[in-house]
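Labels for the chains are A, B, C, D and E, by order of writing; each one numbers its residues from 1.
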Amino acid sequence: MPRYLGPMPIFADLDNGTNPATTLQKSLAAVEHYALKNEMRLRITEVDAKGVLKIKAGEFLKSDLCQQHGLHPRDLRKIDSGFSNHMPVVLVRPEVILINLGHIRALITADLVILFDSPDSKDRVEDSPFVKDLQEKLKMNTVDARGQPFEFRAMEAIFLSVVASLHAEMDVLVHYVLKLLTDLENQIDQNKLKELLQYTKKVSRFESRALLIRNVFEELLDQDEDLAALYLTEKKEGHPRPVDSHDEAEILLEAYMKQTEEIVNIVALVKHSMQSTEDFVNIFLSAKRTQLLLFELRLAMGTLGISSSALIAGLYGMNLHNYLEHDAHAFFVVSATAAMIGGTVFMTCARKLRVLAKGTA
Amino acid sequence: MPRYLGPMPIFADLDNGTNPATTLQKSLAAVEHYALKNEMRLRITEVDAKGVLKIKAGEFLKSDLCQQHGLHPRDLRKIDSGFSNHMPVVLVRPEVILINLGHIRALITADLVILFDSPDSKDRVEDSPFVKDLQEKLKMNTVDARGQPFEFRAMEAIFLSVVASLHAEMDVLVHYVLKLLTDLENQIDQNKLKELLQYTKKVSRFESRALLIRNVFEELLDQDEDLAALYLTEKKEGHPRPVDSHDEAEILLEAYMKQTEEIVNIVALVKHSMQSTEDFVNIFLSAKRTQLLLFELRLAMGTLGISSSALIAGLYGMNLHNYLEHDAHAFFVVSATAAMIGGTVFMTCARKLRVLAKGTA
Amino acid sequence: MPRYLGPMPIFADLDNGTNPATTLQKSLAAVEHYALKNEMRLRITEVDAKGVLKIKAGEFLKSDLCQQHGLHPRDLRKIDSGFSNHMPVVLVRPEVILINLGHIRALITADLVILFDSPDSKDRVEDSPFVKDLQEKLKMNTVDARGQPFEFRAMEAIFLSVVASLHAEMDVLVHYVLKLLTDLENQIDQNKLKELLQYTKKVSRFESRALLIRNVFEELLDQDEDLAALYLTEKKEGHPRPVDSHDEAEILLEAYMKQTEEIVNIVALVKHSMQSTEDFVNIFLSAKRTQLLLFELRLAMGTLGISSSALIAGLYGMNLHNYLEHDAHAFFVVSATAAMIGGTVFMTCARKLRVLAKGTA
Amino acid sequence: MPRYLGPMPIFADLDNGTNPATTLQKSLAAVEHYALKNEMRLRITEVDAKGVLKIKAGEFLKSDLCQQHGLHPRDLRKIDSGFSNHMPVVLVRPEVILINLGHIRALITADLVILFDSPDSKDRVEDSPFVKDLQEKLKMNTVDARGQPFEFRAMEAIFLSVVASLHAEMDVLVHYVLKLLTDLENQIDQNKLKELLQYTKKVSRFESRALLIRNVFEELLDQDEDLAALYLTEKKEGHPRPVDSHDEAEILLEAYMKQTEEIVNIVALVKHSMQSTEDFVNIFLSAKRTQLLLFELRLAMGTLGISSSALIAGLYGMNLHNYLEHDAHAFFVVSATAAMIGGTVFMTCARKLRVLAKGTA
Amino acid sequence: MPRYLGPMPIFADLDNGTNPATTLQKSLAAVEHYALKNEMRLRITEVDAKGVLKIKAGEFLKSDLCQQHGLHPRDLRKIDSGFSNHMPVVLVRPEVILINLGHIRALITADLVILFDSPDSKDRVEDSPFVKDLQEKLKMNTVDARGQPFEFRAMEAIFLSVVASLHAEMDVLVHYVLKLLTDLENQIDQNKLKELLQYTKKVSRFESRALLIRNVFEELLDQDEDLAALYLTEKKEGHPRPVDSHDEAEILLEAYMKQTEEIVNIVALVKHSMQSTEDFVNIFLSAKRTQLLLFELRLAMGTLGISSSALIAGLYGMNLHNYLEHDAHAFFVVSATAAMIGGTVFMTCARKLRVLAKGTA
């Protein structure tokens, strides 16, 4: 399921481009184009009230879909991936519910579910396990469905699939990140740091996506009219729900909002762990460098001490008359003096260093 | 009580896994499985209206529980730890109150408390001190209970246990953290830094848990209908509370919310202390390194000075005719000159360094 | 379209100034001036109900405009760029809608759109592609416009242009930033770091602008009276909308708010990526320096070892009687001893270093 | 007034403990104990409606107090410092107002003020200047009090004392912190950095306390019922205030909320200053180290140059036939060559360094 | 206008103090004093309904002012700078509007504006350009004032002066900061870093002040009763405004709130720029140090190489029999060998360094 870990489409698009001028022109062209492509076709799959696949990957004109289901082109654009469109949304319109959540783009009526193929994937919607689940749920008779109307069963199948796939994606991300953090805490490695950077970005994008989905549930729960308008079957049968009676809808949406919230919560904790580990790596490297500097100082002190001794030796090595040329013990006395001078220099520095190094271990 | 300080279950699960592919498959399998396990059994303990343990660790079908207490399977899933479920929740349903808070998962009716064993612990619920407390509280007669109905006494026993255990856990965490911080402020040690990292993560997870519990109380307090619906006994006796009359419920919940808020507050202060100490360690190490660098410079200056002197000695050590070979005082004059040159180099550098070092002590 | 990437006007103004005293005086002068310039003229372009350009770049007195459309001078000041005015705004007044969003400053009545030239650009409004779009949209008959009244078609043309141009600007910014980040992650370069700083500021300013536009939509959506007051045509025809009936207005504004929100969202992710990359560069450089320090230590150890050997050589180089002058093997024995001493010093340090370096790779 | 600057009780408690196992057991014991100590006694001081000290440090059973004033034990626990209780609170109950704010814990009825001794201080409440103020205020006749009823005069005396003592504490904290920051900006000193860490924690704790007090005022102002219930005298006289008529209460509480807000505001600015100074110290040290590194490089270049010269000297110092032994000028020529080589090495490095150092001063 | 850039009064007060004990005592004394100074006099300037200066710098007893305008001493304390009082405020009382915003403290009645001299400045209020503006505005007849009542004209004059002076102050701050940032980005200088620290604090304080003023407008706009109570003239004429009819007041306040918001917005962007530049300086210095370290390593490698060569020379310089003393080519062979060994050491290290340096430029 590499799709989960890939970059967001917009990022992918831009990564490839190399010439900024071209990008700008493409962007502006997209704007022009935007106004014109309302007449594009959409590839859809239809499941009817009995769970039967009526249409597989059929192509429809947007305008026909709008007319058929009383939609405004602006509405359809929300689930039309022609225009970069990453904002998940659940739109409640008089006769339909429009859903664009995670990998699913669907339109639910009182007796029909229309699924839209995402144009940027090769997979056909009708082959996915989600469609099987959906069909099964729609086939249920009223008793098995505990009286849930058609549109609620369709919504629940969609929400379940969206949340379950978010959950699976989270599990994989969290697994990798925690392993990476453990590795980094044991051994700081430049390649692992680069990996951490990549995962930081991935986790942020995932969190942003999960949060947007959570917000869709929350916004819907805040709108009493929209909640009541979800009862499409009752509306079709001529007795729409009063605005303040929508307990089943509320409980259903709340359940999936809570699950998305849980995902957001865990991801936030993982983000915090990543941040903590980054801070730790920084401090650890700083402490390490301080220690290495202390060692370097000891080496420098050694070099200074030996240089001092060597200077004495050097002076006696000059081709000048030093009066000790023929002294029998001079070699040993001078050598010892040189060593002593070097040693004294080293010891003096070492005392000073001990004071300076206080507070670090 | 090591359970308090352990990692969150989901983190523990993932820490063990090593093969990402396996993890992904397990995650996806969990999703499949998720739809099927509605028929699982739950191990429960029942305490009746007189505080008597009626059932100890009995196993029940979820579907039976649902039917018996008018619950939806979706509701029961909130306290069923089969699916990873870390969001605490208090659900108010027509005949029952469902509670999943901290270590307690319970179902309260007007005359029964059902406690669910948590499947990931070996401890049986019925042996815990909490059950003793609960039984005692439920045994009270009306006067001792100051007129508190059965369900309120049950809730208060649960809330008290949850908040007291949060408080105990906080005390231990705070104790360790403050000791660690004091240690680090006196002596920066790489192992202590690693410990700090672990505690940073633990404190974040604890804060997140406490905050979620606080939010459960707050959400409940925001819903007048739910507060009124808490009066199960009155509802059973046929005179449910009006929506705007729920003073006892409000005061009870507010008291425990305030206590959880206090815990969250103290933990936030501790987190801030950890952050401050981290910042301090960073600056302290930076100041330390600057000081060590100043010392290193003095050593380097010494080495440079001695090298300068040694160069003079070296030149006079060449096997070349230097015209001073037979001069009687040359050795002392040249040695003194060499020392003077070295000293001048050192002093010049020292003056420069004094200017550079200004502003650091 | 260099305008997109340029600094905000106020920043540009201030960048040029060099004498602080002058700046202060100019500022205070502006305050004086501010009270007097109410009588200034505005250059405007008018499009009538049939999409015809009635007036091109005509100059009008502010006071005439106020009187004609029942405006207060304070209102007109919102779209008058004479006073530094960066806050986008949509003002709903009894007979007109005043819009200052992005590059467009307009006044909409029930049958007229007045566009204001921005004084700080050479471009005439009437040459822009936006005016073409606007004219086309206003020309539509009622059927093509799906019953949208004149003022809604004008607003939609403006909002579309504003959001599309924000989107294009975002695309360019994001493109450059992502390229820069990729470059920096591969090779840390000081010029690229400077570029990153510039882009950080640009992205912040862009985010601030997009956020302000989003807030304009949100504030309008929060005011039921303002939403109802948008129906200028119906008001003119004598049957103003009741305060709680403004579904079309709400849906229209919501659509563009969501698109602006999407832009804000993507920019926030990009900002996060920039922050992550900055953090990575910091840690990477820190790890790099630690590694380089380890290498430096090895060089220092080598220097110390060689100095030790050289000291021995130096001692035997003294013009003193060392008793080995005529020994046949002394040269090799002393040389070997010197080498051994140097080697021992090096190996001792190397062992110490291996312990110190643990935890970094 | 060392109490102001001391650590929060809970922190103090934990600082002393050394054995974590003990702490845990104490914590758990506290939980047990918690349920039992409802019968503890409280030491109180009573001031009557004429400002006369009726009871000085008398001991009362909690249960008696509860019964006498219609309180729930849960209420009394809020001002009972037996259980760690740092959340300030103003509770409005039918016959009394319970206050736990800063250093004052009090119970106000329509004609009585009961002050509770805090058990963790040696000071008796009745000796404090606050009690004098309170007595004076309560003694006032109706005219001097501008018609303020008894309970309002008592509250105002308490609020005034709490806010004035917060203000005094803030002044001292701010004074020390600003002095410390000025010192640090002139001279970075490791002891001062440690002091800064301690003040950072103190300021955070102070801010948290002030914020909690502010929130108490705000929460009370949000509750119309509680505001109306503050008029204890009118309630006692049998004509309780209607819920929407509580102007005097609102104005009184707002005044003290604003003053607490001002304190919070100033402390937030001080916190920001501390953060800015920390950031500055970090950057300053970094800039300093860069400069010192540049100086070190110059020393290293000198050492390299001299070593190069010394190598030439060393080569001519070898006991080998160098053909210049008897040349009259060789010494000067070789010495000059050696110096030139050293100089060239130094100059080449210096040129390179100048390029590298660009951008730092 | 140095007042703009100076520190906040409270900070200034504390900067001067040196003895902490004194400060504490002064603070506590202030608390005592606080209760007594209600009888202090205020120096005021009065402008009547026709814009005539009736009283210039007259002294009044606070108690008289209170009685005359139906105020509570608590109200007057808000504009009395005797007690440290930095919170801006607009208080609406039955007969007056009390304003303490920025540099202006005023009391507005239906036909009188009273301006209070600020005791900490030498300037008399009546000489300021603001008073001229105010007089001019109050002189207007009803037509010129577009029907604005007296109190609204007074408020607008005050708000205009406050916002214009905030704007001027912002311009100066922003100008200096942007110049400083540009300088720092080109050349990192320790004095400029210190200046940056000072400006960071100044900008924070300015932002805090602007934000507080903005909040005053917002709070007033949130209170329908207060907005309606602003119409003092109508109240005096006996027909007070109904609570829900206050359009002119709302539009007036909103206009100035928006302008203050714009200032806050620009300052926030500037703060962000400062933060970005600080981050950049940090990373830039880190990158610089890494580069300098690489150069240092090359020097150390050179020193190591030369030391190696020198060791060979040193060995042949020993006064020991080396068998090559009389060899004709030995000097050149040994010199070449020494050079080769040095070169090899250098090259080996250089290869290693090239690997290590990868990723930095």
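Just so it is clear, a contact is a pair of C-beta atoms (placed from the backbone, for glycine too) under 8 Å apart; a residue touches a chain by one contact, two chains touch by 3 or more.
To keep track of the chains, here are their UniProt names: A, B, C, D, E = Magnesium transporter.
Bear in mind the structure is a predicted one, so any value in this text is a computation, not a measurement.
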| item | value |
| --- | --- |
| Chains touching both subunit B (Magnesium transporter) and subunit C (Magnesium transporter) | A |
| Copies subunit C (Magnesium transporter) and subunit A (Magnesium transporter) - interface residue numbers shared by over half, same or different | different |
| For subunit C (Magnesium transporter) paired with subunit D (Magnesium transporter), centre-to-centre distance based on mean C-alpha positions, whole Å | 36 |
| Distance between the centres, which are taken as Cα means, of subunit E (Magnesium transporter) and subunit D (Magnesium transporter), whole angstrom | 22 |
| Contacts with 2+ other chains: residues of subunit A (Magnesium transporter) | 190, 282, 284, 286, 288-289, 291, 293, 296, 300, 303, 307, 310, 314, 317-319, 322, 359 |
| Touch-based graph of the chains, sorted into line, ring, star, complete or other | ring |
| Going from subunit C (Magnesium transporter) towards subunit E (Magnesium transporter), every chain in order around the ring | C, E, D, B, A |
| Complex contacts: residues of subunit A (Magnesium transporter) adjacent to subunit C (Magnesium transporter) | 8, 10-11, 14-15, 17-18, 20, 23-24, 26-28, 30-32, 34-35, 72, 74, 78, 85-87, 89, 186-190, 193-194, 196-197, 200-201, 204-205, 208, 212, 278, 281-282, 284-286, 288-289, 291-293, 295-296, 299-300, 302-303, 306-307, 309-310, 313-314, 316-319, 322, 324-328, 330-331, 334-335, 338, 342 |
| Complex interface listing, subunit A (Magnesium transporter) residues touching subunit B (Magnesium transporter) | 1, 133, 146, 160, 164-165, 167-168, 171-172, 174-176, 178-179, 182, 185, 251-252, 255, 258, 261-262, 265-266, 268-269, 272-273, 276-277, 279-280, 282-284, 286-291, 293-294, 296-297, 300-301, 303-304, 307-308, 310-311, 314-315, 317-323, 345, 349, 352-353, 356-357, 359-361 |
